[in-house]
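Chain naming follows the written order as A, B, C and D, and within any one chain the residues start at number 1.
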Amino acid sequence: MEQNAIYELLAGHLGEGALAWHEDAVEPWAEIAPERIADACLFLRDDERLDFNQLMCLSGIDWDGYDENGKGKSVAILGYTDEGQPETTDRTADGDLGVAYHLYSHAQRHKFTLRVRVAREVAEVPTVSHVWPTAAWHEREAWDLVGIRFAGHPDLRRMLLDEAWEGHPLRKDYVMPAMWEGVPMEGRPLAKNPFPATEPATGDDGPGGPTPPAEA
Amino acid sequence: MATGKIMNNGWADQDHVPGIKSELLELNMGPQHPATHGVLRLLLKTDGEIVYQVTPVLGYLHRCAEKIAEGVNYKQWVVYTDRFDYLAPMCCNHAYVTAVEKLMDVEVPERAEHLRVVTAELSRIASHLIALATFGLDMGAWTPLLYCFREREEILNLLERMAGGRMLYNYMIPGGVRYDVPDDSWVGDVLDFITMLERKKLKDYNDLLSYNKIFIERTADVGVIDEATAKAYACTGPVLRGSGVKFDCRRDDPYSVYHKFDFEIPVGTGEMGTVGDCWDRYMVRVREIEQSCRIIRQALDTLPDGSYQAIPLNKIVKVPAGAAYSRTESAKGEIGHYIISDGGQTAFRNKVRSPSFCNLQVVEKVGVGQMVSDLVALVGSLDIVLGEIDR
Amino acid sequence: MEILTSWLQGLPGFGGMSDQGLFITGAVIMATLMFTVMALCAIVFTWMERKVAGFIQSRYGPMRTGRWHGWAQAIADMLKILGKEDIIPAEADKGLFVFAPLLVLLGSLLAWAAVPWAPGFTAADLDLGLFYIFAASSMVVIGILMAGWSSNNKWALYGAARGAAQMVSYEIPLALATIPVILHTGSLNTQDIVIAQQGGIWHWFVLRDPFLFVAFWMYFIASIAETNRGPFDMPETESELVAGYHTEYTGMRFAFFFLAEYANLFLVSLIAVMVFLGGWWSPIPGLDFAPALTFVIKGVLMVFLNMWVRWTLPRVRVDQLMYLCWKVMIPVTLLCIVGSGILMITSGAAG
Amino acid sequence: MSRDAKTPPAGYDVQREHMLDFKVDEQLAKVVESDAKNFILTTVDEVFNWAKLSSIWPVTFGLACCAIEMMATSATRYDIDRFGAGAFRATPRQADLMIVSGTVTGKMATRLKRIYDQMPEPKWVIAMGSCAIGGGPYFKYGYHVVKGVDQMVPVDVYVPGCPPRPEVLLEGLMRLQDKIRGRKGRFVTPKWVTDYAKKIPYRK
């Protein structure tokens, strides 16, 4: 079935709940109100014309610092410095969080994409794990890495990281840990160049790379 | 022989012998355990040999690849896709570059597509060989492991000549492939190898393992995943096809140049037991090796001349703003990449839907009521790779 | 034993010894000899196992240690194991933990006493020799159970429980398979059993009648299970139970299990040779130059067969193992006893 | 396959000896000399060292990609069993060597430490692959990756590569054997290796 026709059926069912339809994108997608997402998924699965029996993918997204103009000027993420220490920033994150659902129907052979967007402070979306059992682990992963809570999830624990882990790593303002439960996560400074240049430093980086600092 | 079906007689929940109190035994399988294919950890609750509850614990190989995707540029991240499914790295490369190209809307040269298909299928054969080998090992058969590794070495040799790396290649780039066919004899060597594999080696494996009486007893009717369960848990790849569903991204959602080739999709038929048992999943892989050989032969026979890179190697890739989900068929199943781009050099978000992640989830349901040995068979037949589960 | 004591009597210094003294001296010499043979066979067979495995898997196996095809590999293994740290887990039942490997070793060592190496040369020439061997080697089960229980490790407990069930069950077809032979010889004395097979390959019990032939293979399968080797290595099951009952054992204590495994392997092979394959008699009558050597060579061939099976077949599941024992092998061996008896009566061989 | 290569290529042994060219530590040489007076003790020591280095049993401990290369090393073509190190033990209690084959994550590091502690003395560790050596490609953004397993357990031999080829792992094993033998020193790259490396044509 055509993407537009699917959206029309869905919008007819949801009414106000269907917020927007982005037809011109590389991959058309529908924006759904967060509180109606479980309802929408149930409809998409159970309607005979649609019959979306497979949830291909469920992704949690942190939209913080996204460059809306499409110029590639989004906020850079934090990592470790060359000395192995975590980078920090003064900026406070304020962007929304989102979830994207990619559906597929084995019988009808069509796909569909849904997205929801919630405020960072709320960060709660109804679960769809009762619609497709496979969503249970995807949602746990989204909770673990992005920090979106899924209301009504039967077992919302962290999926990949330990239960005692602090923070949600895929958020844009995540600061890398230096130590966790006695395990050092920070790196060590890169080793000194074992073959120091014999000539005195001239200031620019020659073929041998930057000149290492003089021995203390 | 025994049917493999275990009746839940409710012993675990009550004091079945008056005066003696019994409880379930909690068993911790992994992360260092020979049967968990890496660092998977399974928390079992057992009553004697019978498993009452399976809880997989993941994350022992969580390597933060999705975070790294937001920090490095598109070409650099191909390196990390190699390390997802390190048994079939070419398939992972292919999945990623397909996704990037979908967003970029770039025309990939025909020759590059053919080379991609050939290398990806060789990688798939290598991965399936390991799957057979480790599944045999889980069943206690050591020797097939060594034989499969022997043939895999031949594939690695061929791919090394092509891509320069022995195991992880970093071969495909958005817009083409890194290298052309290395020399004149390469194509002939690949054809020789697949002929040898089809004619002789597959028969060896079948004699040694597939149609071995003990092996059939161990795997037939064990760990049955029926069609409804497989679809509900979004199983893909040989796991889904083992349950009798004729679905393959290469045919049903064609990407690259797969639409040009003629191949069949093997499905589980329940030859030795029920449809969807461990033997079916195993046999689907054996038959897929044959089909992969067919695809390679066709792709090499019709290998077109011309360029193999649409974008020069030293150019940094910039992807227009937008979001797209692209899926391809890897050796383990459907790999999906959901890339959100902001128009820059790095992805804003890159979510990877890995097939093993979804396939493994079914253990929570199907593993219950099995014996401990059957659980090992079930996990082995799913052919998981922890690299792409934990990412 | 008689040969040894009479030989001792002839030596200067032993002539004036009392009979009891002679007996004790002889027994000590014999026990030392048997232990040496046992240790030696563990060393030879570990090397052989790795070479056979390599041969089957199209690789070499040990090549470097000791220059020629790694012949010193097993010696190096043993020496290294001697130097390893001995760990007793804090939560383990220490007494049982320490005693279990000794019991396993003792069980297999005791059984060696009744093996007929050559005419008249048996450490203990017992009238109930075969019965004694089966009785003594069943002590191994207790050792394995103790090891698994005392380790306080769940995998070890699983291995021990499986091992106990398996070994207790398979002792029955193992013993039953030899009964047709005992019907023929009318004796449990190991020397007598071998002597009854004199006169070339057609007089060996394995080829006497079809039922005995079946009984031999039943014995062979049961003996694999009895020694816990693939495809019946339930107590260890490396891919399921980590290392089974000896998961927590290190160094010397683990070496005892290791030693006992290969000693047991050789023992069951020797019993197969003794009971079915003509003992020390060569296949062609009249060519019996070195009885002990013939006996050992046949035993080593049986061990090779055992290894061949191990490195070829997948492992069976624990319930299938039990099924095979109770519902297939025991009825078949019982049938063999009846059939062989009927054949004896009809052919007039029964005295 | 490997079975065909019965005879080493000409000059192989000479090259091998070159590879073992060590610059011996002078301090160490003195220590060895003073011990050498006690003939019996040194002989016994040598025999036990020989036993240790000839029979290094690794623990079956695969972490990531490198684990597959470790398996390939034990498989037909490379066959680590030739050096007596082919008996992979599933339980750390019976192993001598831990090959840390792959990325060590924060969650795994505690388990790794535990497995190391469970191994009986004397024990050795090989850090296989760049992840185990120093975080490798996961250094910059790897919030869950331990940058170097030597922050958790002492490492004897570092085997670089991503993943290292089986030949390199075998070389690492031989370096470990040298270490057990008591030959300490700096590995000197022989001239023929650098000469040969210059001759390898590489593609653009």
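To be clear about the criterion, contacts are C-beta pairs under 8 Å (C-beta built on N, C-alpha and C of every residue); 3 or more make two chains touch, one makes a residue touch a chain.
Everything quoted here is computed from the prediction, not taken from an experiment.
Any chain touching chain A that also touches chain C appears here: B, D. Using the average of C-alpha coordinates as each chain's centre, A ends up farthest from chain C.
Of all chains present, the one whose mean CA position sits nearest the global mean of protein CA atoms is B. In this structure, the chain pairs C-D and A-D differ in their number of contacting C-beta pairs, and the larger number is found at C-D. In this assembly, the C-alpha centroid of chain C lies 38 Å from the C-alpha centroid of chain D. With each centre defined as the average position of its C-alpha atoms, the distance from chain A to chain D rounds to 40 Å.
Measuring from the averaged C-alpha position of chain B to that of chain D gives a distance of 30 Å. Look at where the CA atoms of chain A average out and do the same for chain B: the two points lie 24 Å apart. Contact of a single residue of chain C with at least two other chains is seen at positions 57-59, 238, 242. Shared contact sites, meaning residues of chain D that touch two or more other chains, fall at 1, 75-77, 90, 107, 140-145. Residue positions of chain A touching 2 or more other chains: 77, 79, 160-162, 169, 174. By the definition given earlier, chain contacts exist for A-B, A-D, B-C, B-D, C-D.
For chain C in complex with chain D, the residues that touch the partner chain are 50, 54, 57-65, 70, 72-73, 75-80, 83-87, 238, 242-243, 246-251, 254. Across the interface of their complex, chain A is touched by residues 58-59, 62, 64, 66-67, 70-71, 102-103, 105, 231-234, 245, 247, 252, 318, 320-325, 327, 334, 336, 338, 340, 342-346, 348-349, 351, 353, 357-358, 361, 365, 390-391 of chain B.
Across the interface of their complex, chain D is touched by residues 77, 79-80, 84, 160-162, 169, 174, 176-177, 180-188 of chain A.
Across the complex, chain C meets chain B through its residues 53, 56-59, 154, 158, 230-231, 233, 237-240, 242, 311-320, 323.
Within the complex, the chain D residues that touch chain C are 1-3, 47-48, 50-52, 54-55, 75-77, 79, 81-84, 86-87, 89-91, 93-94, 96, 118, 120-122.
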